[in-house]
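Both complexes below contain chain A, partnered by chain B and then by chain C.
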Partner chain A sequence: MNTFFVLYRKELLEMLRNYKWIWVPLVFILLGAMQPVTTYFLPQILAGAGNMPEGAVIEIPTPQGSEVLAQTLQQYNTLGVLIITLSFMAVISGERNSGTAAMILVKPVSYTTFVLSKWSAMLSLTAVAFTAGYAVSLYYTNILIGDVGAGGFWKSLLIYMIWLLFVGTLTVTSSALLRSPGGAAFTALGATAVLAIATSLFPKAMAWSPGKLTGLAAQSMQTGLWDEKTWMVVLLSFVIVALMIMISVLALRSKPSLDN
Partner chain B sequence: MDQITNEMLWTIIAPLAGLQFLLAIIALVACARAESTRGPKWMWVLIILFVNLLGPIAFFVAGRRNE
Partner chain C sequence: MALVQVEQLTKTFGSTRAVDGISFAIGQGRCAALLGPNGAGKTTTIRMLTGLLTPTSGKIQFQELRPGADIRSVIGYLPQIPSFYGWMSGHEFLTLAGRLHGLRGKAAVKRSDELLERVGIAGAGRRKIAGYSGGMKQRLGLAQALVQRPKLLALDEPVSALDPVGRREVLELLRELKHETTVLFSTHVLHDAEELCDDVLIVRDGKIALQGAIGDIRAQHQKPVLLLQTEADEVSKRWLAEWNLRERPYIVDKESAEDRLRLVVSDIDTARSELLEELSRSQVKVRRLEIGHTSLEDLFMKVVTG
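After this line comes the complex of A and B, so read on.
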């Protein structure tokens, strides 16, 4: 366990050195704040766009606070997921390609510890960035749009965090399986997209699919609901995450460096 | 909530503009300190300065070569 913390701290330090601890949270905060602000100023933006016919009356119903937060999650669904995959695409393959992995793994460090330290560092950054961004979004929504129930907020935060954990783990696994970082990012993004499409196409067969997490997060934001189905989806996601970590460990064990 | 004064508007927009500015500054610092970038450095400086939000992200994701 001790080596785990040493490696974990090394990972955190490295993420600080290449500015990840600064730019990822900043981008999440900006994305989160953008949604309520643009929703609030939408009438002015449309009026300022200028290509409206003379005398056109624009009636835009002011959305509920919870709707705006659900839209924020949509925003994270595209750009947030993209940023997570892109910033962690080299998490294992980079170490393997540069030979650092081989150098660390000749020391008494188990493959599991190595992968877990990288995975938890990634998870910490994702959790901090997302929580900060979502909290800022809540703050602006409360000021500009209207009150949002705290219960729904915490539930959707938790559910969406599990989704990001799933996406991040997918990236780590692809990075352990593939040599090129770009390929890993592409695979992770493709798999998420396929999962989302399959989940919406086959609602019966994919009733417990992790692809449901995004929808459930938005739904629990609006209704504060957390039922049995949610538990099953969450549980299955955790199982898949554990499996993916095992696959990454096996992939690294079978190929710890490029030249064997 | 309908009457938002000019002053309140600034307290809403200013922190966001500040954060964007901060992100651009950090990206510029990272760009200046990077040993080698993918493509010329001046190109990245322009991208960071003129492409809103996505410019700094693009630099952090793809700009640096060996780190």
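After this line comes the complex of A and C, so read on.
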């Protein structure tokens, strides 16, 4: 346990030194703030865009606060996921390629601890960045659009966090399996996209797929619902995450460095 | 008493046998050199000792290791090209290494200070490792291998990548360290092994070609050598050509050119007196006559190429 915290602290420090602690939350906060702000100013933006005949009246129904937050989640679906995969694409392969993994793994450190420390650091950064961004989105929505129920907010936050955890773990595993960071990012993004498409194509067969998490998060934002189906999806996601961590540990154990 | 006992250690990668049934023992407090040309299996052997590679077959036994304890906790390992986190300072890396070995807070910091002092880079301890030179990284690598006072210090080509000055400094450091712990280091330079070590293990194509204490090997394999060089005038050349024609029982190995002769002999006294007598009788103009011994270098070359 002690070695876990030592390595976990090292990971956090590394992310501080290479400014990940600044730019990842910043991107999430910007994306989160942009959605309510652009929604609010949309009529003015359109009016200012020109090309409108003199005297045209633009009337756009102001959406509900919960709808705006659901749209924020959609932003995170694309850009947020991209940021997470890009920030962690080299999390294990980078250390293996440079040889630092071998330097650490000749010390009495278990392979599981090594992977878990990196995974936990990934989770910490993702959780903080997403929570901050989503909270900022909530703040502006409350000011500019209208009150949003706290219950829906917390539920959607939690469900969506599990989705990001899933994506992050997928990235960690890809980087344990593949040598090239670009390949790992591509694999993680590709798998995420395939999962999302398959989930929407085969709703029956993929009823419990983690790909459902994004939809469930948006839905619970608007309805505050957390039913049995949600539980199954969450449960299955955790099982897959645990499996992926095991795969990463095995991949690292079979090849802790390049030159063998 | 043997600290490490290795039996029939084998590692295959695909169809190649990098290490092929190596057995050896390293005595407590000894300094052993794993000597061999590039590609002989030195690195693979050391990596199996440190637990980075799983042997295909064979056994590694460590004395003094409590049952169930991690072998990695008693081995300090310096890879051929040590890598560090460039964003850390040397001191931070050593503290990290110490903590991973179970040292707590202050103790780890104190140990890092000691070690930086010990390897002579205390002045650069607070600087980022990214700015270190090759020699400084090697010293830092040595320091991180020493952090838990290892029972066995395994060094993979510790001086190969260094310039002559850095090489000398690291060798000096090793000379001090070998009084404190058991050292195993690999090298392809015989001279380094001869200078530092008690025992040598000469490996070739994944097998042990020769092993033993340096003194014993020298005593067993050392043969008298007789070296003769003439002025290369006509008389001497003719004499040498004639001399070469005759078989002599004491010659083990002979190399000759038109003005010189190098003999490895079994009986140096007979060879010397006979040769001196013939030289003076034929009035050969001798420039140099030397009686010596075969060096370990000769033996090494014979073992790894023969």
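To be clear about the criterion, the second predicted complex is superposed on the first by the 256 of 260 C-alpha atoms of A that agree within 3 Å, B and C clash if a C-alpha of one lies under 4 Å from a C-alpha of the other, contacts with A are read in each partner's own complex, and residues count from 1 in each chain.
Here is the rule we use: contacts are C-beta pairs under 8 Å (C-beta built on N, C-alpha and C of every residue); 3 or more make two chains touch, one makes a residue touch a chain.
Quantities reported herein were computed from a predicted structural model and do not represent experimental measurements.
With both structures placed on the common chain, the touch criterion links A:227 to neither chain B nor chain C. With both structures placed on the common chain, the touch criterion links A:10 to chain C but leaves chain B unconnected. Applying the stated contact rule after C-alpha superposition, one finds that A:147 touches neither chain B nor chain C. With both structures placed on the common chain, the touch criterion links A:18 to chain B and to chain C. Looking at the shared chain after the overlay, A:26 reaches chain B, while chain C stays out of its contact range. In the three-chain superposition model, chain A touches both chain B and chain C at residues 17-18.
By the touch criterion stated above, chain C contacts chain A in their complex at residues 13, 43-44, 47, 50-53, 70, 72-73, 75, 77, 79, 81-85, 87, 96-97, 99-102, 144.
Across the complex, chain C is touched by residues 2-3, 6-7, 10, 14, 17-18, 98-100, 102-109, 256-257, 259-260 of chain A. Contact residues on chain B toward chain A in their complex (touch as defined above): 1, 12-13, 15-16, 19-20, 22-23, 26-27, 30, 53, 56-57, 60-61, 64, 67.
Residues of chain A touching chain B in their complex: 17-20, 22-23, 26-27, 29-30, 33-34, 37, 83, 86-87, 140, 143-146.
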